[in-house]
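The same chain A turns up in both complexes below, where it pairs with chain B and then with chain C.
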Partner chain A sequence: MPRPGFVLDVDRSTPPILFWAGEGFRLERLPAERSRVIYPPEPLDPLPHPEAAIRHALLNPLGDSKPLPELLFPGMRLTIAFDDISLPLPPMQRPDVRQRVIEAVLDMAAEAGVDDVHLIAALALHRRMTEPELRHAVGDRVYDAFAPTGHLYNMDAEDTDNMAYLGSTEQGEEVEIVRRAAESDLLVYVNINLVAMDGGWKSTATGLASYRSLRHHHNVRTLQHSRSLMDRHKSALHTSNWRMGKVITDAGVKIFQIETTLNTDTFPPPFDFLMKREWEWSAKDRALFLGSSKSLARAPSRLARQIFHSIKAPHAMASVQAGEVDAVHEETIRNVHRQQLVEVEGQTDVLTMGLPYICPYNVNSIMNPILVMCLGLGYFFNLYRNKPLVREGGVLIMSHPTPWEFHPVHHPSYIDFFEQVLAETTDPLRIEAEFEKSYAEDEWYRHLYRTSYAYHGVHPFYMWYWGAHALQHLGRVIIVGGEPRAVRRLGFMAASTMNDALEMASDVVGHSPTITHLHAPPLLLADVQ
Partner chain B sequence: MNLKLRKPPFPFSAAPTPATVEPLSGKKHTGIDYETEWARSFPARLARLAVLEGVLRPTMKVIASPDCRGLDRLHDLAGKRRSNEPPQPVIFAANHHSHVDTPLLLSSIPEPWRHRMFVGAAADYFFKTRVTSTASALALNAIPIERTRVSRRSADDAADLIDDGWSMLIYPEGGRSPDGWGQPFRGGAAYLALRCNVPVVPVHLEGTGRIMRKGSKRLTRSATRITFGPPLWPDRDAGDDSRRMAVRIERAVAALADEASTDWYTARLRAHRDATPALSGPDPPSPWRRAWALGDRGPKRRRASKRRWPDLG
Partner chain C sequence: MKALLFERKVAKYAAAAVAGRFVPGKGAAVGPISLQDIDQPELPASGWVRVRPRLSGICGSDLATIDGHSSRYFEPIVSFPFVPGHEVVGDLDDGTRVVLVPILTCVPRGIDPPCAQCTGGQPNGCERVAFGHIEPGLQTGFCESTGGGWSTAFAAHESQLIKAPDDLSDEAAVMVEPAACAIHAAGLAKNGRSIVVLGAGTIGQLTIAALRHLGYEGSLTATARHPHQRDLALQLGADRVAAPTELSRVVRAQEHAMVVGDQLTAGVSDVLDCIGSAESIEQGLRVLEPGGHHRLVGMPGVTSLDLTPVWHRELHIGGSYAYTPTDFAAAVELVRTADLGRLVTATYPLARYREAIDHAANAGTRGAVKIAFDLRNEKERNR
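And then the complex of A and B:
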């Protein structure tokens, strides 16, 4: 029976706590009597028979949807869209859960005699997936059956001929998604809900959308009013997506949504000690920690990155549900909470977190400073329900080396954003007003997005907006171990050690602040009372 | 690369007993009576590990260039290292074209099964003499199976080993294909699956007939493809008996053959229409038409031939 998450009050007997720091980790001793550590729940037991569970979900849909076999008929146009490389994190060991679900759907389609099938990687403005990445996601069998004939492909949100405008919401939000998905007899969306933010109408209205559509919710105002991104009922981003969902439904697009949740079994041996509580480390775990942390600290960053990005998570499917979007998503969120929710009493003055080597946008790539900001302030800060873990005007301390380093193929517009935009201002509202349009409509970035493996020109802006709520809420952000030049460019402060960082925080929160450490990954969701 | 395998002449191998002479009577130690328990002892397993990893695997890599597909289908049977859950013993049931099939499969079946496998081998062929019996037991961990009749001893030995956590490799056709097409599957694998309540993993081998077909004594290098199928669990509630399950296994291997020669979705479309091409080949009995049709099977891979320019002096 997996143990639930809990909050540990730090006293003098508490051992030093593990902090991630990019491609490495460190132990930090937190001040006694005023610090606490939030530990995630242990991984739930996987579904014993995943194939049978998927089949059961397809045959017994939720909401007012019919079972999948009843929606399939010979001569129909079937489109299967699936989440891209940004999920799950780290990428999971084979077989990927998308492969299992897509094979089950296709088997039913084969039984119904469906010939016209397209499979689309729902990228929105993310980079295209490479062949090995697609093979990993959908499996060799599906790839070999559909990719050679051009029926399995990455979507292209800049291919205006193949995008369909479906209408606008009452608030004037335009809805434009991939034409093939919009004009099919049935769109099956295969999702992975790693966190509560994913899934629901966000799958279709964001995953298959173009810049014309995305700009209505991926903007500073919306993201400042998404409190949090992980709580769909209090997130302006999700509310906008749900409005767009209604437009999609009214336009006659028939959707069969399949959502899956994973357990938090994040690191395989020998890195599984990273998921354990420090006082439960065995002699072997301690030796592994010492050996790996010392050798990683001495290894060239390229080698350390290669080691970490080769990690495939032993995630297992914890639930699968299918049918009508809203009904499915409510059940999915219940299952995400079952795995990740931890009750936390009250807010804190200082929130600390160790940022790992990976975020949704640097799989097989480099975690550049903008992504460090996005992971810390956009994702980890938002891992709450009700109230942020840190009080308004409090301090966020993150540990990450934050190197001034960019992947030239994946993140070309990030380089210019860092050099040009952030050198001018870090104010999200000013950035949005003065710079966004020129990057979004830049022909060179468009070309790289469409033909290379580059994120869209506007993507670094969205990363910055993702942290807009945290920037508005926090009094100061400090990065421990960060490269000072890069950290200053982000508008934050760099500290060499945790003690220095706490000293620097004292200007804002006094000399005896309360401290909370988010012990993630594995991921958790703090339910702040 | 061509290798010629010939039985060494007498006195380097035993002389056959003349047909007109009564063979010496006494307790037989070969054939179905051959005891193979010693082949599961620790020293024998160690020796087999060395032979498999040091000789068979590299040799197969050079001769057969195996392309393994569908290994992900075995994921849920592999057990959990973290919770010390042992791997599920399984019966690998494959079509059979060549003597190369067994070493190729033994070196291609993944861990955790590879080093805890035994092979059901024809008692009248592999266990004919003491030398071949010892070699088969040591190198392949083979146990003798009678293919001409149902033998209680063969079944008991195999079932005991499966219950003990060993996995089995068996060729339900009962022998190598005489013409490149499959033969009807017998019920042995299905019987053992039902008796021990273990899954059967259908396996399709493509290309081993080109390396060494039945009757050939030469080895010819050729690419091979091994396709592992989804495990088939015995389902008594659905009326599974040995005969029905043998049919299911044969259909599953035929679907894998279709998958290997077309693609997965086309194979599924045909399987659901009951239009999967049979392993036994087309109906017309004339040998040349069967041989002709055989040319359409298998992936269209051609090794680029080395261009030879005439020597103009």
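And then the complex of A and C:
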């Protein structure tokens, strides 16, 4: 029976606590009597027979949906859209959950005599997936059957001829999604719900949408009113997606949503000690920590990156549900909470977190400073329900090396954003007003997004907006071990040690602040009372 | 009198060329320049006067000469041995403080009638720089007859002198001549749509300041290798400063260009190249829009260059040499309003000329901009 998450009050006997720091880790001793550590729940037991569970979900849909076989008929146009490379994190060991689900859907489609099937990677404005990445997601059998004939592909949100405008919400939000998906007799969306933010109408209204559509909710105002992004009923981003979902439904798009949740079995041996609580480390775990820390510190950053990005998570499917979008998503969220929710009493003055080497936008890539900001202030800060873990005006301390380094193929507009935009201002509202349009409409970025493997020109803006709520909420942000020049460009402060960071925080929160450490990954969701 | 004398010594020139290639400024130690006691230059004719330098700057063209990088193009328009130094503020015998206008044109050469260029108000294009009653030399500092600023005295024609305004310090006054070069270059480009200034040494910085001084309001991008250069360029009016390796990326984003190979499809209208190397010219050509102008402000030399984009995109490569009298007048005002005397980072006595040249040759890495010789305390000057 997996143990639930819990909150440890740090006392003098508490061993040093593990902090992720990019492609490395550090052990930090937190002040006794006023610090606490939030540990994630242990991984739920996997579904014992995932194929059977998937089939059961497809045959017993939730909400007012019919079973999948009843929605399939000869001569129909079937589109299967699936989440892209940004999920799950780290990428999971084969077979990927998408492969299992897609194979089950295709088997049923074949039985029904459906032969017009398209499989579309739902990128929105993310970079295109490479062939190996697509193969990993859908499996070789599916890839070899569909990709060579052009029936499995990355979506292109800038291919205006192949995007369909479906109408606007009452708030004037335009809805434009991939034409093939909109005009199919049935759209099956295959989702992975790694965190509570994923899934629901966000799958279709965001995953298959264009800039024209996305700009209505991927903006500063909306993100500042998403409290949190992980709490869909208090998230303006989700509310907007749900409004768009109504437009999609009203336009006659028939959707069969398949959502899966994964357990938090995140790191395979020899890195599995990273999921353990420090006082439960064995002698072998301690040796592994010491050995890997020292060798990673000595290794060139490129090698360390290669080592970490070769990790494939042993994630296992914890639930699968299918059918009508809302009903499915409610069940999905219940299952995410079952895995990740940890009850936490009250807010803290200082929130600490160790940022790992990976976020949704640097799979097989480089975690550049903008992504460091997004991971810390956009994702980890938002891992709460009810109230942020840190009080308003409090301090966020993150550990990450934050190198001034970018992947030139994946993140070309990020480089310009960092060099040009952040050199001018870090204010999200100014950035949005003065710079967003020119980046979004830049022909070169468009070209790279469409033909190379680049994130869309506007994407770094969204990363910055993702942290807009945290920027508004926090009194100071400090990055321990961060490259000072890069950290300053982000508008934050760099500290070389945790003690220095706490000293720097004292200007804002006094000399004896309460401290809470978010011990993630594995991921958790703090339910702050 | 004491002077740094540059002699025609082929072996030493070759040694300087080798040494200068490896260590900038090293030509001073092994090349044909040395500190000597020489006779004061005779005044060539009436209208010539003696100038006793107060400050005399070290310019990029001086460094190229010392390090043996200069083109053989100059051979017929310089005369050996010569005393370098053409950025000068000095005193006349009557105590008047003057700034030297070093170009040696028809009037100081006693050529009458003057050539068409001089008559037309473009003395920087003088067609007679190797003729007249003084030896060949395009400027004071490259002419055997006149001597130059790196000494305690030299000869100058009255037409080459302007009175230094009382409100300009010596440091400011010694910047007037290079500022005039910058005014001239900026004047050629000031109507451009968008401009890149390559290089953030003295001339690069002055050119940025000159563009703004002349009222240029368009986009101005500069390149700089070092933080102090970057800060100064921004202070003087650059909108943005890119590391040299980042220029294409920055211009692309600014101009919303596409990229084909390493060439931008769109770009800036004008490049003012204050470096003058093959690399800088190629860099400039890459970021120009079709029909754009690449202007060489820094002195180039022999270069190997792929001119295909010049043909294909109908680009223009041109030069910007020296200044007109109007430019010189504007330079005084520029130096005053932009407080350019602050660019003089360090001064040296003649006896420490190797250190001075080393400092000037490595100004960027050493956080400096302009290095000058300070002759004000030379004993024989004050006898």
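One rule holds for everything that comes next: the second predicted complex is superposed on the first by the 529 of 529 C-alpha atoms of A that agree within 3 Å, B and C clash if a C-alpha of one lies under 4 Å from a C-alpha of the other, contacts with A are read in each partner's own complex, and residues count from 1 in each chain.
Operating definition for what follows: a residue touches a chain if its C-beta (ideal position, glycine included) is under 8 Å from a C-beta of that chain, and two chains touch if they have at least 3 such contacts.
Computed from a predicted model, the values in this text were never measured in an experiment.
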> Which partner does A:R94 reach: the first (chain B), the second (chain C), both, or neither?
Replying inline: first
>> Just to be sure I read the superposition right, which of the two partners does A:E436 touch: chain B = first, chain C = second, or both, or neither?
In response: neither
> After superposition on the shared chain, which partner residues are touched by A:Q420: those of chain B (first), chain C (second), both, or neither?
Replying inline: second
>> Contact-wise, after the overlay, does A:E111 reach chain B, chain C, both or neither (first, second, both, neither)?
In response: first
>> Just to be sure I read the superposition right, which of the two partners does A:R141 touch: chain B = first, chain C = second, or both, or neither?
In response: first
>> Tell me which partner touches more residues of chain A in the superposed arrangement, chain B or chain C.
In response: B
> When the two structures are overlaid on chain A, which partner does A:P50 contact: first (chain B), second (chain C), both, or neither?
Replying inline: first
>> Just to be sure I read the superposition right, which of the two partners does A:H447 touch: chain B = first, chain C = second, or both, or neither?
In response: second
>> Which stretch or stretches of chain B touch chain A in the complex?
In response: 69-70, 72-73, 75-76, 81-82, 230, 259, 263-266, 268-269, 271-273
>> Taking the touch rule as given, give the residues of chain A at its contact with chain B in the complex, in rising order.
In response: 49-51, 93-95, 99, 106-107, 110-111, 113, 115, 117, 139-142, 144-146, 269, 272, 314
> What residues on chain C touch chain A, complex-wise?
Replying inline: 240, 242, 246, 249-250, 252-253, 256-259
>> Touching residues of chain A toward chain C in the complex: what are they?
In response: 415-416, 419-420, 423, 438, 442-444, 447
